[in-house]
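Two complexes, one shared chain (chain A), two partners (chain B, chain C).
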Partner chain A sequence: MAAVLLQSEPTETFADRRFRFHPRAALLAGLILLGALIVFALLAPLFGSPYRVFADGLNAQGLPLGLGAPGHLLGTDEIGRDMLARLASAGRIDLEMTFIADITSMGLGIVVGLVAGFYRGLVEQVLMRITDVFLSVPTIVSGLALASVVGEGLTGIVVVVTALYWAWTARVIYGEVLRLRSRVFVEAAVAAGVPRMTILRRHIVPHLSSLMLVLSALNAASVVSIGAGLSYLGAGVQLPRPEWGNMLEEGENALGYAPHLVVEPLVMIILTVLAFMLISEGLTNRGPTAREKTWLDK
Partner chain B sequence: MTDIPAPFDWDEFVAAATENQIDATAASRRAERLAFAGRVGLRIVLAAVTILAVLILTFILEFVVPGNPARAVAGPKASPVVIAEVTRNLHLDRPVWQQLLSYIGNALHGNLGYSYVSDQSVASLVGGRLPATALLMAGGIAVELIVGGALGIWDGLRPRRSWVLASLNIGLLSVPTFTFGFALLLLFGYVWPVLPVTGGFGAEQLILPAITLGLLGAPYYANVVRDQLRETLSAPFVRTALAKGLSRGAILRRHVFRIVVPPVLTMAGMDVALFLSGVVFVENVFAWPGIGELQVQAFDNVDRPVLMGTVVVAAAAVVVVNLLVDLLRLVVDPRVRSESL
Partner chain C sequence: MTRPATALPAPHAEGSPRFAAGPSGDATASPRAIVKLVKVTKRFGATRAVDDLSLSLLPGRTLGMVGESGCGKSTVARLVVGLERPTSGELQYEGRPYPRSDRGMRRVRRHIGMVFQDPYEALDPRCTLRQIVGEPLMAHGLWRDGGLERVRTLLDAVGLPKAALDSRPSHYSGGGRQRVGIARALALDPALVVCDEPTSALDVSIQAQIINLLLQLQAVRGLAYLFISHDLDVVRRVSDEVVVIYAGAIMESGPTTAITTEPKHPYTRALLSGVTGTMPDQRKLGSRIRLNEERPVPTGACPFASRCPEVHRACVKRPPLLAVGDRLVACHLVTGGGAGT
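Moving on to the complex of A and B:
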């Protein structure tokens, strides 16, 4: 019976393989996409000033030029500024914000998670209860409240995003440290008299490195959407300095006659988030259990 | 004469043993019940502590960080006399800890202060907006469960993870909430104008925002439903049912879905926190009169009491719903009871 069951294990056919989602391909696609976005943002000065108002920037009816207009590949906005220049210049600030806020929020979360997981007792209880508090406040609602206090601009957004997002990382890292610290190699190190800090540095942190990479890619994806989202709601980077979120706010009223003012920043935001999502998807190791054959499969 | 031991009475022995057994079972049940009550009590206390911590945080943001709140109330051009009066009215001349205590005391009595802009109480402002937000979230969760459940079941009944779901998942997860709202608004409001774009409170206005909220969460649910389904399908009782000759439909209905559905429903409860963030964007894109729109208005007016009051109400809602979900899980699923916190 067992032999029969073993033989009935699925064998991968060519058709299955063709449509499988390849982790490596996802990682590569994500990295290429992110690289392209960074290059686009770095080349911003080539596309001209984002503030320059072109005399031929509006058509005869005074409406913004659409896609593919001569001299303005991506059209112009409502007062005749070049959309390509604005998008690229906005990309700089968006990517800058993403990287800084990703590092700060991940850093805080990792430190809290490591400390809470490694030093048990009172420290752990206090830190994790604080983490729970931050996990239970709805992000955007409290983000706006916080933004009204810490102020506008890039620093404001970085502070808000860090305050709102560190707890998620802390929670995951904490759980993983708890799992790791009961492993045999930690026990062996303790028995051998290795100092606690050394155990943390040499045995715990290296095991967390791949998880940290996945988390920071996921975190970056949230940071992009929250940063742009807060700017859209009026917090964060302020006009006239272009940023994808506040470009949306600006173009919102023109949705009826110049949809490209909204669609273009939208596409940029989606591409950036997609790049980070693909990277995290490619870095995640999917367990083999998801591919086990079940009794109802023919 | 030595005592002759009483003949061994089998019936008596069984009776005594059974009684002991019953005693032991009763005692262990009592202990279990006590531990259960303790756990429930601890969860309630933790929830209360969380709300208290949120109150302290909002207090710090509202009264300590900005420097001089009286100036914020009176406006930038107010004379020193007016500022002194506002300071006295708001009790800002008292020590910080007294201010904090009265802030918390007021909040526990439902008084979250008064709007700087409209002189209405924060509680009535937020309370007036809550039904709209609750309706929107209910709509979103309904869409999410229906679409996510259907996708997850479809994918779960296939032997291999479908590339359709995998791509859909990563695709929809990459779309920020407000972005998707804009896309829907553009499609169904302007390109193919079948739904109103003016916003407001009504059934027709609810469709697009609910779809925006729900559709973005759907792939996540699809994944959870799929994983649960796969796990359950490989359980031995499914093999037994198959061997008994039950049809596939009957196996799914009678045995599988009963296990898959409860965890998915408890997850829906936990979504409240996520949705309370999402609604801010959705309400603003679609001009739906809920607490998200209120929050953005308050932000534009630098109306700190309303900003902080909304945070308190939203956080309290999340904490209470999470507590209810936790307790429900404790009651429904015996496996959770033995878990530590």
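Moving on to the complex of A and C:
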């Protein structure tokens, strides 16, 4: 048995082994994918203006050009604008929105979770009941309602997404803080007379850092889809400024004769979500317990 | 303080000030007590983890506390260091009640160290030994005054190399970690150190090292210990006096030698008969006493009644904790209340 295993080993290529055994393969893949998306978005000016209507942008029947058209690699839209330029320009605003809203919602959630978990009593009750309220509202409907109040554009969507998502982070962080509080080393610090803020800073927050990383990657994945989703529904980033969500909505009408108008922004959204999911997966498996190999991994 | 470090076998309580424990607290009159518990009760829901317990912790002396798991020993430790507050009764530090405020409690904590049971859990894996041992000093604003030097001295005192300063707990096995825990407990030069089962998570060979270290530190620094353990053999080695706890209440207490050679309470006898040590004085105790199965006891009865091999009619009434010679016992058989019926 062992001999068979030994024999089979050299036939595996280095790449095989790396993919199968490297615990950070997912992290690596996610980071590469995200990096590629960021580069694509940053290079947007190279692809020309997203608003320029090309005279040769439509075919003889007045329909959009498909994939691989000369000069328009990803085709054109219904009025003859270059899809590549529009997708890249949209990517910029989508990624910007994702990073900002991820940071704000995570930040708010972390602060609320820490405070509620560490200061018990009334503070905890009030904060967690508020959190429960935010957890229980239906995302899309309340998002749309809120968007109509806070206004459109990048700021509006960041506010809406933050309001919709901070409570999830707050819940998870709160639970983890409660777990850490009861650890003996925290009690030892209390027994030694260490002030609360010092305990929080030295014994609670450092133990949350890896969880925060995983959470923020997961959170980003949700933020991408809800941000694009709200724009698709007419809130958030407004036409003519291209954004993957409103591009989807715009292309919808042409689904019958120009499916690439829907498929392309959709693929961008999926790739971005996938990138964040892979990163969070990779970060999860980076934990000290996950790093140990079991007999199953051999 | 008075005992040489080499006096490992059961230390005698010769001419020592009377270690006092009593249900009324009136026997605890000694003004010298560092920490005193007066009729302390701690409930968790319906369970009384600690039941009307009074005792005094005297400077330079070791009070051993024995009892099976779940009898409330650890709760006593947590009460003494202020991690729990009593449901009723009072704890006093140097004659004054424990302060209610956080800030006031911090002043008391400065004088009480604690060594925890599980050295793998008690040290933050992300901190270096410098941070762990130095933390109490920083917390009380003593770091600037040569705090680092003090940490070095402490690590040296517990037998760790000075180079350990920047290592993390993960570099050490159980015994090494417990040494770190002891160094932390001593950082503020406390008068009293509460040791909550400090050896029960360690290998037997390491246990002896840690016990010897604790005894040696006591001899040098004149520490008082509250030494909690379920292992009577260990308690006998370190303690001047022993308190036997069952269901949060004192069953028997007194000088270590008296309790371990001539146990009077049936529960103490049962505990001693289970000791697997090799000391000659144990052999004469004969074979192991088997206790009855634990069942709920009616209120007002002796808490040990359902398991007591010598239970009799008088036990439906709870026996008071009374002085018998040099010890206190709560049993009708010993104190005479209705015995023989």
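The rule we apply is simple: the second predicted complex is superposed on the first by the 261 of 298 C-alpha atoms of A that agree within 3 Å, B and C clash if a C-alpha of one lies under 4 Å from a C-alpha of the other, contacts with A are read in each partner's own complex, and residues count from 1 in each chain.
By definition in this document, contacts are C-beta pairs under 8 Å (C-beta built on N, C-alpha and C of every residue); 3 or more make two chains touch, one makes a residue touch a chain.
Note that the coordinates shown come from a computational prediction; the quantities given were computed from them, not determined experimentally.
Novice: Contacts for A:185 in the overlay, against chain B (first) and chain C (second): which applies, first, second, both or neither?
Specialist: Touch partner of A:185: chain C, not chain B.
Novice: Is A:206 touching anything from chain B or chain C once the two structures are fitted on A? First, second, both or neither.
Specialist: After superposing on A, A:206 lies in contact with chain C but is clear of chain B.
Novice: Figure out whether A:214 sits in contact with chain B (first) or chain C (second), or with both, or with neither.
Specialist: So A:214 meets neither chain B nor chain C here.
Novice: Chain B or chain C: which reaches more residues on chain A?
Specialist: Touched residues of chain A are more numerous for B.
Novice: Which partner does A:28 reach: the first (chain B), the second (chain C), both, or neither?
Specialist: In the superposition, A:28 touches no partner, neither chain B nor chain C.
Novice: After lining up the shared chain so the two structures overlap, which partner does A:149 touch, if you call chain B first and chain C second: first, second, both or neither?
Specialist: Touch status of A:149: first partner only.
Novice: If we overlay the two complexes on their shared chain A, which of chain B and chain C does A:115 touch? Say first, second, both or neither.
Specialist: Neither: A:115 stays clear of chain B and chain C.
Novice: With both complexes superposed on chain A, which partner does A:103 reach: first (chain B), second (chain C), both or neither?
Specialist: Neither: A:103 stays clear of chain B and chain C.
Novice: Find the residues of chain A that appear in the contact set with chain B and again in the contact set with chain C.
Specialist: No residue of chain A touches both chain B and chain C.
Novice: Which of the residues in chain B come into contact with chain A in the complex?
Specialist: That would be residues 46, 49-50, 53-54, 57-58, 61, 65-66, 157-163, 166-167, 170-171, 173-179, 182-183, 185-186, 189-190, 197, 227, 230-231, 233-234, 238-239, 242, 248, 251-252, 273, 276-278, 280-281, 284, 291-292, 295-296, 298-300, 302, 304, 307-308, 310-311, 314-315, 318-319, 322 of chain B.
Novice: Could you pull out which chain A residues touch chain B in their complex?
Specialist: For chain A paired with chain B, touching residues are 10, 16, 19-21, 26, 129-130, 132-133, 135-142, 144-150, 221, 224-225, 228-229, 232-235, 248, 252, 255-256, 259, 262-263, 266, 269-270, 273-274, 277-278, 281, 289-298.
Novice: Along chain C, where are the residues that touch chain A in the complex?
Specialist: Counting only chain C, the residues touching chain A are 81-83, 102, 105-107, 109-110, 112-114, 116, 118, 121-124, 126-127, 131, 135-136, 138-140, 181, 184, 187-188.
Novice: Tell me, which parts of chain A touch chain C in their complex?
Specialist: Interface residues on the chain A side: 183-185, 187-196, 198, 202-203, 206-207.
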